[in-house]
Amino acid sequence: MAYSMEDRAQILFEALPYIQKFNRKTIVVKYGGNAMISAELRQAVISDIVLLKLVGINVVVVHGGGPEISDMLKKIGKESRFVNGLRYTDAETMDIVQMILCGKVNKDLVSMVEALSGRAMGLCGMDGNLIQAKKLDEGGLDYGLVGEIMDVDPQPIQDAIDAGYIPVVSTVAAGIDGNKCYNINADTAAARIAASMQAEKLLILTDIPGLLRDVKDESTLISSLRVSEVPVLVKAGVISGGMIPKIDCCVEAVRSGVSGAHILDGRKKHSILIELLTDSGVGTMIY
Amino acid sequence: MAYSMEDRAQILFEALPYIQKFNRKTIVVKYGGNAMISAELRQAVISDIVLLKLVGINVVVVHGGGPEISDMLKKIGKESRFVNGLRYTDAETMDIVQMILCGKVNKDLVSMVEALSGRAMGLCGMDGNLIQAKKLDEGGLDYGLVGEIMDVDPQPIQDAIDAGYIPVVSTVAAGIDGNKCYNINADTAAARIAASMQAEKLLILTDIPGLLRDVKDESTLISSLRVSEVPVLVKAGVISGGMIPKIDCCVEAVRSGVSGAHILDGRKKHSILIELLTDSGVGTMIY
Amino acid sequence: MAYSMEDRAQILFEALPYIQKFNRKTIVVKYGGNAMISAELRQAVISDIVLLKLVGINVVVVHGGGPEISDMLKKIGKESRFVNGLRYTDAETMDIVQMILCGKVNKDLVSMVEALSGRAMGLCGMDGNLIQAKKLDEGGLDYGLVGEIMDVDPQPIQDAIDAGYIPVVSTVAAGIDGNKCYNINADTAAARIAASMQAEKLLILTDIPGLLRDVKDESTLISSLRVSEVPVLVKAGVISGGMIPKIDCCVEAVRSGVSGAHILDGRKKHSILIELLTDSGVGTMIY
Amino acid sequence: MAYSMEDRAQILFEALPYIQKFNRKTIVVKYGGNAMISAELRQAVISDIVLLKLVGINVVVVHGGGPEISDMLKKIGKESRFVNGLRYTDAETMDIVQMILCGKVNKDLVSMVEALSGRAMGLCGMDGNLIQAKKLDEGGLDYGLVGEIMDVDPQPIQDAIDAGYIPVVSTVAAGIDGNKCYNINADTAAARIAASMQAEKLLILTDIPGLLRDVKDESTLISSLRVSEVPVLVKAGVISGGMIPKIDCCVEAVRSGVSGAHILDGRKKHSILIELLTDSGVGTMIY
Amino acid sequence: MAYSMEDRAQILFEALPYIQKFNRKTIVVKYGGNAMISAELRQAVISDIVLLKLVGINVVVVHGGGPEISDMLKKIGKESRFVNGLRYTDAETMDIVQMILCGKVNKDLVSMVEALSGRAMGLCGMDGNLIQAKKLDEGGLDYGLVGEIMDVDPQPIQDAIDAGYIPVVSTVAAGIDGNKCYNINADTAAARIAASMQAEKLLILTDIPGLLRDVKDESTLISSLRVSEVPVLVKAGVISGGMIPKIDCCVEAVRSGVSGAHILDGRKKHSILIELLTDSGVGTMIY
Amino acid sequence: MAYSMEDRAQILFEALPYIQKFNRKTIVVKYGGNAMISAELRQAVISDIVLLKLVGINVVVVHGGGPEISDMLKKIGKESRFVNGLRYTDAETMDIVQMILCGKVNKDLVSMVEALSGRAMGLCGMDGNLIQAKKLDEGGLDYGLVGEIMDVDPQPIQDAIDAGYIPVVSTVAAGIDGNKCYNINADTAAARIAASMQAEKLLILTDIPGLLRDVKDESTLISSLRVSEVPVLVKAGVISGGMIPKIDCCVEAVRSGVSGAHILDGRKKHSILIELLTDSGVGTMIY
């Protein structure tokens, strides 16, 4: 807090090689969870993103918004039905998903970027048809309007970058099988977008410190992990539960050409800056 | 319906001078009301817009969404309070306005354009800070988060046009006085956007045939009107009630450099094409 | 003639998918015969072309001008000599051919496009060396300055398109074997130009309804034809006489990558618009 | 003829400052008369022009073609009628003028440039509507289709330059008063084109050595002349007869911003190179 | 040294508004004195410059090199003669000046930028004729090849910036009065370059803390100073001796449109970063 | 000297095909030796280069400066030590090399180009890291800071060409093995630059007429030589001594894609123009 100006200069100076490393590269940030709910953390995340943009890094923000959706459903007295662990998305629910993600969460993020003198453009999978999906068909079950991503066309995102904006993308997809749109998983969408843009990094902000060997002991954090080591850790139960799909997204991104995918703790202030612009990694990197 | 191919060719041929006239020009369409509620009319309006884009006219769609907002407020059991005829917009209402306009109506329109093989990008006043507003202060009354437009920066709209998209703009404004955003009048927003882009035309789609001398008799339609003739018609009571602010928007647009502002009947199929690409004007033109 | 404005709008609306289909594509129109002699048909053909340009289609006009050449030769009292069915082109005849095609027919077409508010640039095979030919050597006979196309360099045509013009091309070729220029067959030139530009379509305007199974019965029109079916129809005598070289041009164009080549009836008003912008094909398509 | 290689290098070297002086500038060459009829002179003029283009000077060739027109009229047995010294241009004559200028002379020049590995594009006043004229109305007399230039739009010429071509322009104008086209004076057209392009130089190639104080004595050549000195020389009879309109064109060009207008002897080989690239002026410069 | 990663992130975050402020702006850094002699300080200055470039600021380095010149003159046994306090620059001295500045100091700086992964291009006043001077004529005295700047053409500097380089400029000027080149004052050159580029800032790195009210007491630093206050401080003797010409350069730059000119202590590590990217100013700002 | 203007024009005219041949091509000129020492020859060489640039040829000048380096070393009383025939380059000598080449010779050449109204930009191997070298390790001997070229990145040269300058390159290389910079052979550097740019020609200016079969008899000049003939001539002793490395450079350039490499006599005025713009070759071409 009471840094001397020499400290400040020294630290800026030490960030130089990291800034050079990511210059003109694309970084996809999956933003969600608690880092999105606390106003203070939100401010920290968004200012990190504005800073990265300013030092020449092309940041793309991809967001979900589960809690806000649940709140709204409660508000209109809509009860949720679950199929195989996934929320069944009927037409009315889909409307709420679309409204909350594209109308509320997205534009609030845009608004925060602009308030920090950044320039943002809010998009969803329907703008320029950028995320195309069809009805999820898994195990012969009907999940309603839950979609499976068939294709990502990064052109609208690239157009926004080329015009100088930070694209902020809601994970609602355009339907290509007759339905207008689909509810899609935000981690998967972020991974597919990162892959389609041949991004340098995919950063997934979560509510945990990263992958822990012992979930009760933060000192057992696995700071980096090769894609090839994943199956062993799944077998050993180190990667389990909700961590499995997240790690799967990381693996898919890396296999599609993204240099590194990170599980970061979004509850830690400036975790993005720490990860990208210092030599202290936080969280777990899959590469 | 049973047009011969010769008829078709002849009619296309007769559209030539109109297409030439508007080539590379900007047309702002204010879209709302019943033309937005009927699925069939919506299809007709959107396909007109896609066609105009394709023949080289830069169309910008500006939309409101009053009925959808009212439906949603009812759904969450929110009662409306009115101040001086305007709905008082508290924070919760503003959230619903933003969600419905930016998340539901906007993205549904984008989706319809894309379904017709057009390319659309949905924006709101917060994207790139394109519409900036402060709290409305009229007659010393408090309307809550109802905003008054202070500035329009057409750059984000122009960026979308330059990248080949049809911009679809929700009329929610970024606040410049501490509040995050404001609910603004859609007709006014459309007029201000048209003025800021030096558009060729402003087309306001309504639920009436245009300005009628005798509101009960459609044959008394005033098909064109000089800006200077407006005060007389107001005095005479021909322009009255809800028509006054609409005509005022037209007058403001024309005074700011828009060549013509039109009150069109959105309930009439393809009224946009008829107005722009044939020599039969429909509705009332202020110039 | 007495179409309602609703009819007009409906028809424009129905043209939308066709306009989308050909947007930014190149269409080569071989123009000649009676459609060129009647002032009324000429007006219809040229306005079709101006309209196509305006809706984003890159039209290239390739023209001959046999009747005008014959008239001029008669005027100066020049008798024609024929070799193997081809008019022997001596130096004096070549001068007349060049003058009529490049000076009269070409500039008259340019003038008509401009009169309809289109922008045209008249070119011949010598401008930018766009069509290169050598002396035709067929069967050991001497045809004078009748040339065989050796190469087409579409750059000057593309330059004119890029600068916003409708290129109008006279079929006089630059000689690459010592002679200054050659008289070349206009159908062949159009086919070669279409091939060199990888055009979407080649439209050959003729004085017949298309390929008829029975030349006396228009109801026997063959509306589409695969390239592979041509030899059978030649053998069967359905394709015969002057039709053989025309169909050969179409076949060559399609084999070189043009998507479809059409024999259209130039005597039918707006046959180009009907063919391209409605679902009623007129004439015969080879594909 | 037997220049040593050192001579050659020395002379090239001495041209350096002149090439620098005209680099990226526009030079309009009015080409006509005997320099156009002799094959050897034609070759010299055209190679001069190709060389200028190559050393970075934007040359525009403007040509007439009186003798060729007369020959053709004779050939078709057309008798000429004169009104006030100007040939009355009826419709049939106009057709011949257009054919000869745009079809024969223009394309022959284009062909010569291409034969010398230059790149040329032949244009006339109708291409892109570059020269616009109306019926000449002088002294209440009827000259038929003799036109008076109303406007010059240099865009098509500039487009050809930008795409790397030497524009070659026939002096036939598009009619803007109902007639399709007009016969116009080539010197005037060249002057107007030079003015509209803010050319550095206008070079008028003629069959005389320049302006002579004593027409019988070439040693009395006036090598340079201020615009303000012209009236005195007209009064004194030094500028008289056919020289008056030529000098008037030069005066008009200079008054409109052209730096210098030259009357050059086209019968002298390489007079253009001598004028532009050596310090020996030939002919008369008006400035 | 032992900053936590949270400290680092916090400090980077706090630099955000400063980086935004100077984004796309031009900063001219006059580099010389002790900050140039100590290897450690040189490293710090150059890395600051590379960092600024990376965060989107266009830095231009202007350097002198007095001490290195003196060393070399001593080495070749050349004695210095002084005229009115200025070193008389004979032809031999001028050669040494040129060699040391353009060949040694300049390329060493370029080399250091490149070693830090920046991209630099070394220029002097003769490259593209960017600094033009004539013989200094002050008080009728002869200073030899000491020059007075007549004009600065920033094009070569801008070309280097546009191609992505950090321009490093030696203060040797091209002579425009017959002499090949001139020795010029580096502070003046930096001020003139800043003015010609309408730079946002001119930073003059010196060996003093800034302008002190009492030269023996650093706590009397004047941190900012209006141009209008300068004469008073000169009169009062606060600005005196070698400080006068430095302040004059600052005043000239500010009067010509530079927003602020700073006298910075180059002996303080990262003084450039501190000045530009923190809210602690160091040194004296004239504005 | 007393060329008539007709002579001049004729000679310019005869240069046309040569100018066309090299238009938009890159020519690398290695400049050194006596042609660099005589003021008159220097003027001739530089004006040739300015002329080539002006007629659309991209000339790159690569220079050494042995004699000036020796003079300076003598001046500071530095004795030279030789290792295996190469001057041992200690740090002090390297400083002198850098100063003389980058500071004196380079900027003097730049200055001469500018004086002839050309535009030049002086570069060395350190600018943009264009020539990268490591310590020469030949026969286990230590040559000090003599470098071996490891890579050439032509981007900075190309950037200068694209911005309209004649790049003038000093042959000092950036070290990539810890040392700041290296002294490199200028012929080799020129050959490597020509290869990296896929230049049309490499011209090495020397102090001999070219390769002579009998070194005492200039009439035995070998005017052209295939790469495959070189080994035989080396064996026969025709290529020997200092000629071997020069020819090796030529061979390497040609093998890397340069069309022809020439050994030219720099003592002959305008030998570059003679070689490129006339049909009299001077010197020896390896191809």
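Per-chain numbering from 1; labels A, B, C, D, E and F assigned in written order.
In the analysis below, contacts are C-beta pairs under 8 Å (C-beta built on N, C-alpha and C of every residue); 3 or more make two chains touch, one makes a residue touch a chain.
Small disclaimer: the values here were computed from a predicted structure and weren't measured.
Chemist: Spell out the chains that contact chain B while also contacting chain E.
Modeler: A
Chemist: Treat each pair of touching chains as one step and give the shortest count from chain C to chain F.
Modeler: So the least number of steps between the two chains is 2.
Chemist: Using each chain's Cα centroid, which is most distant from the centroid of chain B?
Modeler: F
Chemist: Using CA atoms for the superposition, what rotation angle relates chain A to chain E, in steps of 5 degrees?
Modeler: 180
Chemist: Is the contact between copies chain B and chain C built from the same residues on both sides or from different ones, judged by whether over half of the numbers are shared?
Modeler: same
Chemist: Equivalent interface to E-F, which of A-B, A-E or B-C, with over half of contact pairs matching by residue number?
Modeler: Duplicate interface of E-F: A-B.
Chemist: When the centre of a chain is set as the mean of its C-alpha atoms, what distance in Å lies between chain D and chain E?
Modeler: Centre-to-centre distance between chain D and chain E: 56 Å.
Chemist: Using Cα averages as centroids, what's the distance between chain D and chain F in whole Å?
Modeler: About 45 Å, centre to centre.
Chemist: Just the number, please: Cα centre separation of chain C and chain E in whole Å.
Modeler: Between these chains, centre-to-centre, one finds 68 Å.
Chemist: Measuring from the mean C-alpha position of chain C to the mean C-alpha position of chain D, what distance in angstrom results?
Modeler: Here chain C and chain D have centroids separated by 35 Å.
Chemist: Classify the inter-chain contact topology: is it line, ring, star, complete, or other?
Modeler: If you draw each chain as a dot and join those that touch, you get a single closed ring.
Chemist: If we trace the ring from chain B over to chain C and keep going, which chains do we hit, in order?
Modeler: Cycle of chains, anchored at chain B and oriented toward chain C: B, C, D, F, E, A.
Chemist: Which residues, counting only chain F, touch chain E once they are in their complex?
Modeler: 75-76, 95, 98-104, 106-108, 110-111, 114-115, 119-124, 126-129, 156, 159, 162-163, 165, 172, 174, 180-181
Chemist: Across the complex, what residues on chain A touch chain E?
Modeler: 1, 3, 5-17, 19-20, 23, 44, 47-48, 50-51, 54-56, 116-117, 269-271, 273-274, 277-278, 280, 282
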